[in-house]
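These are the structures, in structure tokens.
Look at the two complexes coming up: chain A is in both, with chain B in one and chain C in the other.
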Partner chain A sequence: MDSVAPVKMLTVLGAICLVAIAAVIGWAREPRQYRADPPVSAALDQLRLMPDGIGGTSPEVYFAMGKPYESTGFDLSQGKRLYSWFGCSQCHGDGRGGKGPSFIDGWWLYGPSMVSIVASIRNGRPHGMPAFKDKMTSDQIWQLAGYVRSMGAYSASVVAPSRNDDKTSRPAENRAPAAILFDEGPIPVHPKQGPSP
Partner chain B sequence: MMRDRDTQEPLDVDLDDAELAAKLEKTWASRPGFWGAIATVDHKVIARRYVVTAFVFLILGGLLAMAMRLQLSRPEACFIGPDRYNQIFTMHGSNMMFLFAVPVMEAMAVYLVPLMVGTRNIAFPRLNAFSYWIFLFGGLLLWLSFALDTGPDVGWFAYVPLSGPQYAPGKRADLWAQMITFTELAALAVAVEIVVTVFKQRAPGMSLDRIPVLVWAMLVMSFLVIMAMPAIMVASSTLILDRLVGTQFYNPALGGDALLWQHLFWFFGHPEVYIIFLPAVGMVSTILPSFVGRPLFGYLLLVMALIATGVLSFGLWVHHMFVVGLPRVGESFFTASSMAIAVPAGVQIFCWLATLWAGRPVFRTPLLFVLGFIVTFVIGGLTGVMVASVPLDSQVHDTYFVVAHFHYVLIGGAVFPLIGAVYFWFPKMTGRMMSERLGRWAFGLIFTGFHLTFFPMHILGLWGMPRRVYTYQPELPWAGLNLFISLSSVILAAGFLVFFIDALRSWKNGLPAGPNPWKASTLEWATSSPPPAYNFRRIPVVGSRDPLWSEAADLPVAAGMRTHRRELLVTSMVEALPQARESSPSDSVWPFWTAIATAIMLIWSIFSPWAVVWGSIPIAVALIGWFWPKGTPEDES
Partner chain C sequence: MKAAVVIIIAALLAGCGGNQSALDPHGASSVALKDLIVLFALICSVIWLLVTGFLLWAVMRRRAEARRDPAAERRMTVAVRASMTATVVIVAGLTVASFHTTQSLHSGADAPVFVSVKGQQWWWQFTYRDGNQAPLFQTANEIHIPVGKDVRLELESIDVIHSLWIPSLAGKLDLIPGRKNVLTLRADRPGTYRGQCAEFCGLQHGHMALLVIAQDDSSYRQWVAAQAAPAAEPSDAEAAAGKAVFMSKPCAACHTVRGTPATGSSGPDLTHVGGRQTIGAGLLETTRGSLAAWIADPQTLKPGNNMPLVPLTGEELRQLSAYMEGLR
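So, the complex of A and B:
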């Protein structure tokens, strides 16, 4: 008797576990994409921007992929790497701005949507923001945009990058620096940011 | 003898055998049904679960190994990509070390130690139940994360900075580190139980010099666990802190130290090898005498060698770090201490050889595995002495030579004795014999398959093939041997398949074993197979090192135990003189709920530091339920 009960229990437990595992696997897999397929990459370039270049909608393929560039730890940390590799800190500092605008003051000159940030990096903006479309691949641009957004988030995502093995000047992205260092920002528009978009 | 004044319940001396058995069964048996099974604190039931779970993890880890061999069978194969391969070798190592080798050895201890020292349950039986659930949840966490494509990919040693916040994105490394916390918590719990059981619950008369060698080995192993595991728990917790909260333990730019990780890891990691190996020494020393028909040669020497190995094992962790750039003097010291461990290992080997030499060996399956162990472990030990020297280690570091070496010592040194031990104690655990014919097949396939698989890896290593590569170019001269190794690994896997088929078949249909099928000498064979919930009808009294050989006709017993409550005999530490009758905790579902609450807190804390605050509330509730006073007297002299 007492040798049968544990076996039965193990079977029941095992069955429950298997079902739970199957459900979770179907729902929450987090595969890494090291290189976007060329057709996906091409589709990612089809930004649907408003005529003034501010706001709009991301390409359909981005939603079909499950918005990975904002929601996976790997893409966000790749974005963090690209941020330093492509010298973004030259103008934007550690995210708190410098010659260029800050990312954590709550003020997005061209709106906070993913597609605007991608457009800014890809095509450049007036008053000094260069275009990177010939220097970076499409998915790199999206990774960088996702990272820039994560810097300015007021509640940290669990997948946001952590500190680097380096001297640090502000809390890492996984601790929501924008919420800690909140600064209402220049309203109306800071003179350095230009008279109009 | 004192009679209980306050109760009408009879003592064991008042009852005849059948009546006594019925009364003890009523007191000690777990309730039937699902919740009865969850609540049980019987060390045999929990150990059986532990063993089965650990062997399931062995199968899963073995499948990963086969996947790696498939990928490496030819150059530039495309079965597995680099990212998946990183996850697979990390999972294989972590799984085999943390979810198979250590837990299975501790599980054998949980099963055998209380029986071998002649007591009715392990010390702290509820902690024991808690330990199993924590181990199970830790294993599920790791495998579930692997299935989710978030399996750790940083190697089973997870060196920073590769596993640190900058270079290991996502939660992969955190899941690894938290799995460590789960398994080490489980291991520490078991270690404490074993130490207390061995020191305070031995049968009357079992003085320290009469303890079976297996029990000595488990005792030394438990002390190693207690001293080594905290290092890795500190390491894994600080790694999670670095990654989650942004502490700087491993950040050299702000006063941290990347090398600190390696020291903490290997301060645990080297004793870990002996945590796995010493129980195997105990198993071999216990199996041998039964098949050669004479007591073990050099009991005192073997016990001293066990203790010496245990002490020395804390003084040689740096030999894993020879190429990291440490001072020369340090390297020389650790070369010397690494070679010194060959002395107690040699003593053990010669004691076994002398036992074999002086006896009349009967070549049954358990003995075959013991012989396979001696051959394989000696080869692994010899390459161990080789890589203990800095110049040679600098050459072969991170090559397949090292892979070959540690598989020789781990599979040869621990898995062979373990399978021998399963063949040996399976009759005790299930009441049925395993098949001798299939056992011989299993041994033949595993032994040949093992050597054909792992010996060529020495050569591959000397030819320069590095570890942890997911493929290699066709121009390199490694393709032939790699294909040979991959084909040989199929033989090895077939051997394990035969073993598992044998175990499953025999569980239901094996021949009945009887109490002592091997005519062995230790106390676990003095009770029925499988043992009843109360282990021994009457507590045995021990007068020699091999009680069942010297007093086989009628083993003396101690009397005066009460039967209406779970009661054990507490004895003195050195002489094992009876000191007190102590109550043993009854079944409880609270260890299960505590384990669930702990698991929630630990997993949550990967994602938010606040989990430690809010998650501790359910743990506190569960612990209050666990320790709620029942108003029964604890013990009396």
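So, the complex of A and C:
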């Protein structure tokens, strides 16, 4: 009996500590950086692309930073703002395309990797995509690329950009908008289920 | 002791003055509102003192022995009836006074000056209109009005609910998306009055201020003529280079400078930005340095606002700030 009580107490104490730690982690806000440090910004420009401009490797610094432009809500939200500020929707619509290609049809003309999307925004592409390297900073280009990538993601994500203020016209960015393209059609309803059993 | 009390009261009352205070009114409707505030405060203070006094008296007095005294009962009945009647009369009277004041605020149906106000996150867009409602010119975060004349403000919002409050001149009125509210402004004395958004509207709600500059008729006309004119041409080579930077960078996509190809409409009209007292909706005084700082890093100065950082070299930034400062 005496040996059980301390174990019980330790368990309770441990649980309290866990809750406290979780509360502290939840309270500590993701740090926000409104502009990248100049060396980081310069390093982000060092894209290593394949000779045909499709695919390649992101700069080392991107991995050293922990791939923030795909994985933090703040950067994705900034990307979403940049998407409207720089008039991307003029050609790409809400992601469904128009004059420019769609982002949510599961097909990436230059591959789905971050580095390709960054290169497309930064240097432009043939058939009308302008270069934005003189109009945006490097970290803005990366934020925008992260957002564009999330618009047509194949798999669901735990991070999401801010919500739309107006009516949504496509699936939310964190819910794998492009995954549906790989579904094998609707799953048939069991005869005993559905609106008229 | 007496001197100390006088000093403390003076120090406390000093907060009631200034160019943004409902207790220091300079316009017809704000005077009416101040009178109403004073009336309410006086009557309610008297009532509060009476109630507190009676409460103290009831607590302190010796408990009477339990005996029935018909005369005392009658006195109490009369007292209760009298105070109930007084309550009804006072509440009704204050309601009538409030209603009367509210009625008197809406006077300018055919005001000589007509301005549309669009509240947005987080600045004020003002469009002056002529008699036929056609737009004359647009400005931001600063309006000039003629002294002693009614100014009709039509309030709209393009995103969330804002509220326009210029305490020295008028009461506050909300700007509601999809709706037009009308506020009549009238300044009785020349001066610069500050106003603010009075409805929490997001991250930079605290940096959404505006200035109302009341001028005599002739200087007001001069100002209108100057504002209606297109932008000044750059006066030197540096500013001319700055103009070229403005046109080649993304600035022109959101900002208008009348008389140039820049016709964007989602940001403030910059045709006469150098002539305004503040930038960023009351954030900074307009100087060449503050303009450059704002362009160099708007998100650090006012986090969350809708102006992106545009990459510029030091040279381009100098030229651009010279051009902006020259747009008077």
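In this text, the second predicted complex is superposed on the first by the 150 of 197 C-alpha atoms of A that agree within 3 Å, B and C clash if a C-alpha of one lies under 4 Å from a C-alpha of the other, contacts with A are read in each partner's own complex, and residues count from 1 in each chain.
Note that a residue touches a chain if its C-beta (ideal position, glycine included) is under 8 Å from a C-beta of that chain, and two chains touch if they have at least 3 such contacts.
Here the structure is a predicted model, which is why all the values come from computation and not from measurement.
Visitor: Which partner chains sit in contact with A:51 here, chain B, chain C, both or neither? Use first/second/both/neither.
Guide: Neither chain B nor chain C is touched by A:51.
Visitor: Going by the touch definition up top, name the partner, chain B or chain C, that contacts more of chain A.
Guide: Chain A has more residues touched by B than by the other partner.
Visitor: Who does A:12 touch here: chain B (first), chain C (second), both, or neither?
Guide: A:12 contacts chain B only, not chain C.
Visitor: Looking at A:38 after the superposition, I want to know if it touches chain B, chain C, both of them or none. Which is it: first, second, both, neither?
Guide: neither
Visitor: Applying the touch criterion given at the start, work out whether A:76 contacts chain B, chain C, both or neither, answering first, second, both or neither.
Guide: A:76: touches chain B, not chain C.
Visitor: After lining up the shared chain so the two structures overlap, which partner does A:86 touch, if you call chain B first and chain C second: first, second, both or neither?
Guide: second
Visitor: Have a look at where A:165 lands relative to chain B and chain C in the superposition and call it first, second, both or neither.
Guide: So A:165 meets both chain B and chain C here.
Visitor: In the overlay, answer first, second, both or neither for which of chain B and chain C A:136 touches.
Guide: The answer is second: A:136 touches chain C but not chain B.
Visitor: Give me the intersection of chain A's contacts with chain B and its contacts with chain C, in residue numbers.
Guide: Residues 32, 34, 165 of chain A touch both chain B and chain C.
Visitor: Across the complex, what residues on chain B touch chain A?
Guide: 29-30, 32-34, 36-38, 40, 42, 45, 48-49, 52, 83, 140, 144, 147-150, 161, 164-166, 169-171, 242-246, 248, 250-254, 258, 430, 530, 533, 607-608
Visitor: Please give the residue numbers of chain A that touch chain B in the complex, ascending.
Guide: Per the stated touch rule, the residues are 1-3, 5-6, 8-10, 12, 17, 21, 24-25, 28-32, 34, 72-74, 76-78, 158-159, 161-168, 171-172, 174-175.
Visitor: So in the complex, which bits of chain A are touching chain C?
Guide: Residues 32, 34-35, 81-82, 85-87, 134-137, 140, 165.
Visitor: Provide the residue numbers of chain C that touch chain A in the complex, in ascending order.
Guide: 159, 249-250, 253-254, 297, 299-300, 303, 306, 308-311
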